[in-house]
Amino acid sequence: MITTRRFLTTLTAVTCILGGTLTVQAQSRVSIGVTETIETHNPYGDSVSLQYGIYSEVTGPFCTYSYAKGDFEGRLAERWKVENPTTWIFFLSKNYKFNDGTTVTADDVVHSLMNRVIGDPQSKQKASVAPSIVKAEALDKFTVKVTTDKPTAPLLSFLCDRLIVTSKAAFDKYGRDAADREHMMGGGPYQLKELIPGQRLVLQKRPDHPDAKKHPNAPDEVIYRIMREPEQRVTAFLNDEIQIAQFIPPHMRQRIEKNPKLRIAPVDSVEIMFLAMQPKPPFDKKEVRQAVCHAINRDQIIATLLEGFASRLDGPIGPGQYGYDPNLKPKMNYDPEQSKKLLAQAGYANGVDVELQTPVGRYTLDKQLTEAMIPMLNAAGFRARLLTPEWATLWANVQKGTVPFYYMGRGSVQDPSAALHQYFHTGETPRIGYSNPKLDELLDKEQQEFDTKKRRQYLSQAMSILTDDAPACFLWRHKLLWGLNSRIDYKPLPDARIYAIDMAVKK
Amino acid sequence: MTSYLFQRLAGTLPVLLLISFLVFSLIHAAPGDPTLLLLGEETNAAEIAKAKERWGLDQPLYVQYLKFVRAAAAGDFGKSFKYAEPVINVIKTRLPATIELAVFAIIIASLLAIPLGVWAGAKPNSWIDNLGTTFGLFGISMPSFWLAIMLILLLAGVLNLLPTSGRSTYGIAGPEQTGFYLFDSIMQKNWSAVWDGLTHIFLPALALGMNMLGILMRVTRSSILEVMNEDYIQTARAKGLREKNVVWRHVTSNALIPVITVVGLELGTLLSGSIIVETVFAWPGSGSLLITALNARDYPLVTGIVMTYTLAFVAINLIIDGLYAVVDPRIRY
Amino acid sequence: MVFMQSLTLESATEKSVVWPRLLPRLHVKAFTGGVIVLVFIIIGIIGPSIAPFDPNKQELTAMMKPPAGIGAPHSLGTDNLGRDILSRIIHGSRVSLLVAFAVVFVSGFIGIALGAISGYFGGKVDFLIQKLVEVVWAFPPLLLGITIMAFLGQGLFNLILALVVQRWIPYCRVVRGQTLSLRNRDFVTAAQCLGASNRQIITRHIIPNLIQTSLVIGTFAMASSIIAEASLSFLGVGVPPEIPTWGTMLADARIYISTAWWLPLFPGLCIFVTVLGINLLGDALRDLLDPRLKRTGAKI
């Protein structure tokens, strides 16, 4: 014991010295505690939101979604036009340069899209970035023509903040693996300095980059550190080991607010949370599905378990998301008596057995929230049971269509088109296995409609059908809590992207 | 002796083969599908089919297994689905961190356990013995994830002495040479990096080593108890040597042989115990890699890691059996 | 999994009479351990009738109430769903101990049987069984647990199975070693001469001599099963949520350590005290059974 104590005393002394020397550095450094990081050096080798965000920062986003404007905004692609429903023209900025000084050109964009996202067998991004793109060609040094196999109105939602543009020259010179690992070329305001899978990732600012010049106070170094346990993230945040902490559970916010140097920034996430029901017995009857929706007391769950940090969904999406209609009908209010009636109508007056499956630790308080739904379902006449399979099992089964009743979230829903198609359009995926010709027609029309007003109308009609027919109960969107050190001026985004260029470090 | 070792080596081959078959069938039998887990939220049937073909998952299972065995015999465990790199390379970059952690866990455990065990064994059933035993059992009586979080909250949180996670602070270390962070830093005479490494390794090593501490303490104690009653110790006492000298010089040196054996044997357990500790502490080793691989159903990578662990386990057992013969001349093979 | 190495080092046990020696001289460790284990067994058995609430009854308006003290309705407080922690702990003790006992008995049965067969018959049977032992033992234990649980799905029975898969091995190894030496002892030879069948010899003469060592292994296996259940819950492959266990309670409460200490404290304490108790008992048993200590008259 004595030896331990002596060891710790020396330890304190030396940490103090080390801490002292570190603050002398003029470079500003921001560490961010995140729950997952990039695992692969290949920018196209994974398809998770953080991957798109970080590599978009390194390579400069092709274009980006601005929540302030509620629309897409040019970056590397300064502007664009739709020549005809299957042809888009993108005009590139002339100011984006790779780390070696060469300019980012149309050839690099075409190469990244055709040879890396679509053509490379190692890419895991084709379906997410370029689902309908069949051809991309350079019209001149700074103009790219993109052709799709069918009219794709939401094309920008696939390309913006997702298309990663890397250097064709580096690829040709060094080959794929060496280019990614040792000669990572990007046209973005940050460059990748270090990647240790499972531990951290370090980005360094390129002070001469046009975006960096616009944001002189953006941090010089950004370190993404994996911290999976919430207690650990909060501890590190309180100790100033990290300056930004992702996903603070609501109940821990008081610990942070006690410290005057730290604050909590809540953000309405664009991830929609819902209960999916496959139309197989007992959910083949609309009444049973509606009974589930009327049984869940969403307001109470939000007020208690989530301490108010979520907003209720009346319909698939909420305010700030493309196509949101505040007057959408019907609304599935909390009404357990109505649920009982509906169940009786469906022939289940004496109750019916259902098994709800939920992931654990993937979404904010997922297990606790679904646990709270079980007695609510039971009070409305169900005999419900909760199962918590491991994620790999659950997710694969959901995608294969073998889970009848599950709690799930769908992220990056700035524009609901892709999500609605994925879960509810006949034959698109077996996740729910729902089929409704009227809905299909609306969703098809919506995707091919370039007139935004009409498109919103179609979307609104589709969402009204969905809410009434209830292949899923739409529950809420979480307010994600970010911990921010007051030295950092930053407005976290509603999706999982983290753009260091938008941060300002106070000197 | 040599022929015995050869025999043993030959005997392990079928064991390894059997293990490879078991891992292979277990991981393939577990629900989940790498294509569905790795291709992202928006993937479609065509993409899945292409990935299946590329990864060889469209072939019958026995063909996949035979291909795996043939390649593995030549030292090739295939390419990881997730990392798109040879499995061997992925493991090579992660293994040093785990070994470093395991070695430190052993050092911490031994430094605490052996003195405690000697003390307790020299005075059986005294209050020291009871206290020591209880302390030794402390680590075994807690799930390691729990111990890890408590250590973070206490030593990093309340006392604010140590970093909460990771293996190093960015920007302190020199270029990587062997992958053993501390070893590299010592070689480069980069003392601040060495210190930085030590502060990072202390908590995870303690969390990992607590279990071993308990076992070591108990083995030391009973081993000491045994030797204390041997005739030559009685003789030493009879010669009028002071009790302290008897215990430390005569007893301990003789009692440590089984303790060393246990340290060796426990190395295998430590490797697999590192799964949870590495995950909590974001330690970039093979344990957290195994969880990543398992969550992605990265079949080649999971198989590769398990085979590496079993190889290490088998090798350690062989070495220990060999050491027995060296240490104790009475043992003949 | 780890306790067995220390046991193999001192596995030579002879017939000994433990209990009469234990009772008159009060052995501190054995006594403490025994009392702890006994208390929890009693709670586990009569638990449901003394639990003040339904362990799964939620009350969202009364969540995270701190312990109210003895006599109050929620004496140990409520958890994040407003469930009564005391009731959950009481019900949890039943499940956790049930798992532990089931694992010990099933793996003990398999391990002792295979070990005795392996040691008694030798030859090919022995070779095969020992290869099996080597293969299963070389597996990283947690990995085996995760894959089995993922494959079979959640459930109490599957959990027990996942834990048994490796825990029979320590029994098998130690029992085999002992059987090897027992096989050539006079009383076995005598039985053989009298025409006893192999089965009779194994069940009547060999196995009774192995019970004491197996008891020691059993205590350690029990302790490690309780811990393993918690670890599997942490990795997300435990029992379904409607079954309260100490392990799932602790794993779920780990995000409340700094904000609502009573959530993790009580299940954590239960695991700690129980495992400590079982280990103390096991330690004491081992001291008692070690022939060399006895021969030289070391105090117990």
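A few comments on the model shown:
In order of appearance the chains are A, B and C, and numbering begins at 1 in each one.
As a convention for this text, a residue touches a chain if its C-beta (ideal position, glycine included) is under 8 Å from a C-beta of that chain, and two chains touch if they have at least 3 such contacts.
Computed from a prediction, not measured in an experiment: that's the story for all the values here.
Taking A-C and B-C together, the pair of chains sharing more C-beta contacts is B-C.
A simple rule picks the central chain: find each chain's mean C-alpha point, then take the one closest to the mean of all protein C-alpha atoms, which gives B. Subunit A and subunit B have centres, each the mean of its CA atoms, that are 36 Å apart.
With each centre defined as the average position of its C-alpha atoms, the distance from subunit A to subunit C rounds to 44 Å.
If you average the Cα atoms of subunit B and of subunit C, the two centres end up 23 Å apart.
Multi-chain contact residues, meaning those touching two or more other chains, occur in subunit B at positions 30-32, 149, 153, 157, 294. Contacts with at least two other chains are made by residues 229, 231, 391-393 of subunit A. In subunit C, the residues that touch at least two other chains are 146, 150, 235, 254, 257-258.
Residues 3, 8, 11-12, 14-15, 18, 39-40, 42, 45-48, 121-122, 124-128, 131, 177, 194, 196-200, 202, 221, 223, 225-229, 231-232, 235-236, 238-239, 241, 391-393, 395-397, 399-400, 410-411, 418, 422, 429 of subunit A touch subunit B in their complex. Considering their complex, residues 1-3, 5-6, 9-10, 28-29, 131, 134-135, 138-144, 146-148, 150-151, 223-224, 227, 230-231, 234-235, 247, 250-251, 254, 257-258, 264, 268, 271-272, 275-276, 279-280, 283, 286-287, 290, 292-293, 296, 298-300 of subunit C touch subunit B. By the touch rule above, subunit B contacts subunit A in their complex via residues 30-33, 36-44, 47, 50, 54, 82-85, 93-94, 111, 149, 152-153, 156-157, 159-167, 170-171, 192, 195-196, 199, 278-280, 282-285, 288-289, 292, 294-297.
Taken together, the subunit A residues at the contact with subunit C in this complex read 229-231, 234, 249, 251-252, 254-255, 300-301, 304-305, 360-361, 367-368, 371-372, 374-375, 385-393. Listed in rising order, the residues of subunit C touching subunit A in the complex are 56-58, 60-61, 63-64, 80-81, 146, 149-150, 153-154, 235-238, 240-242, 252, 254-260.
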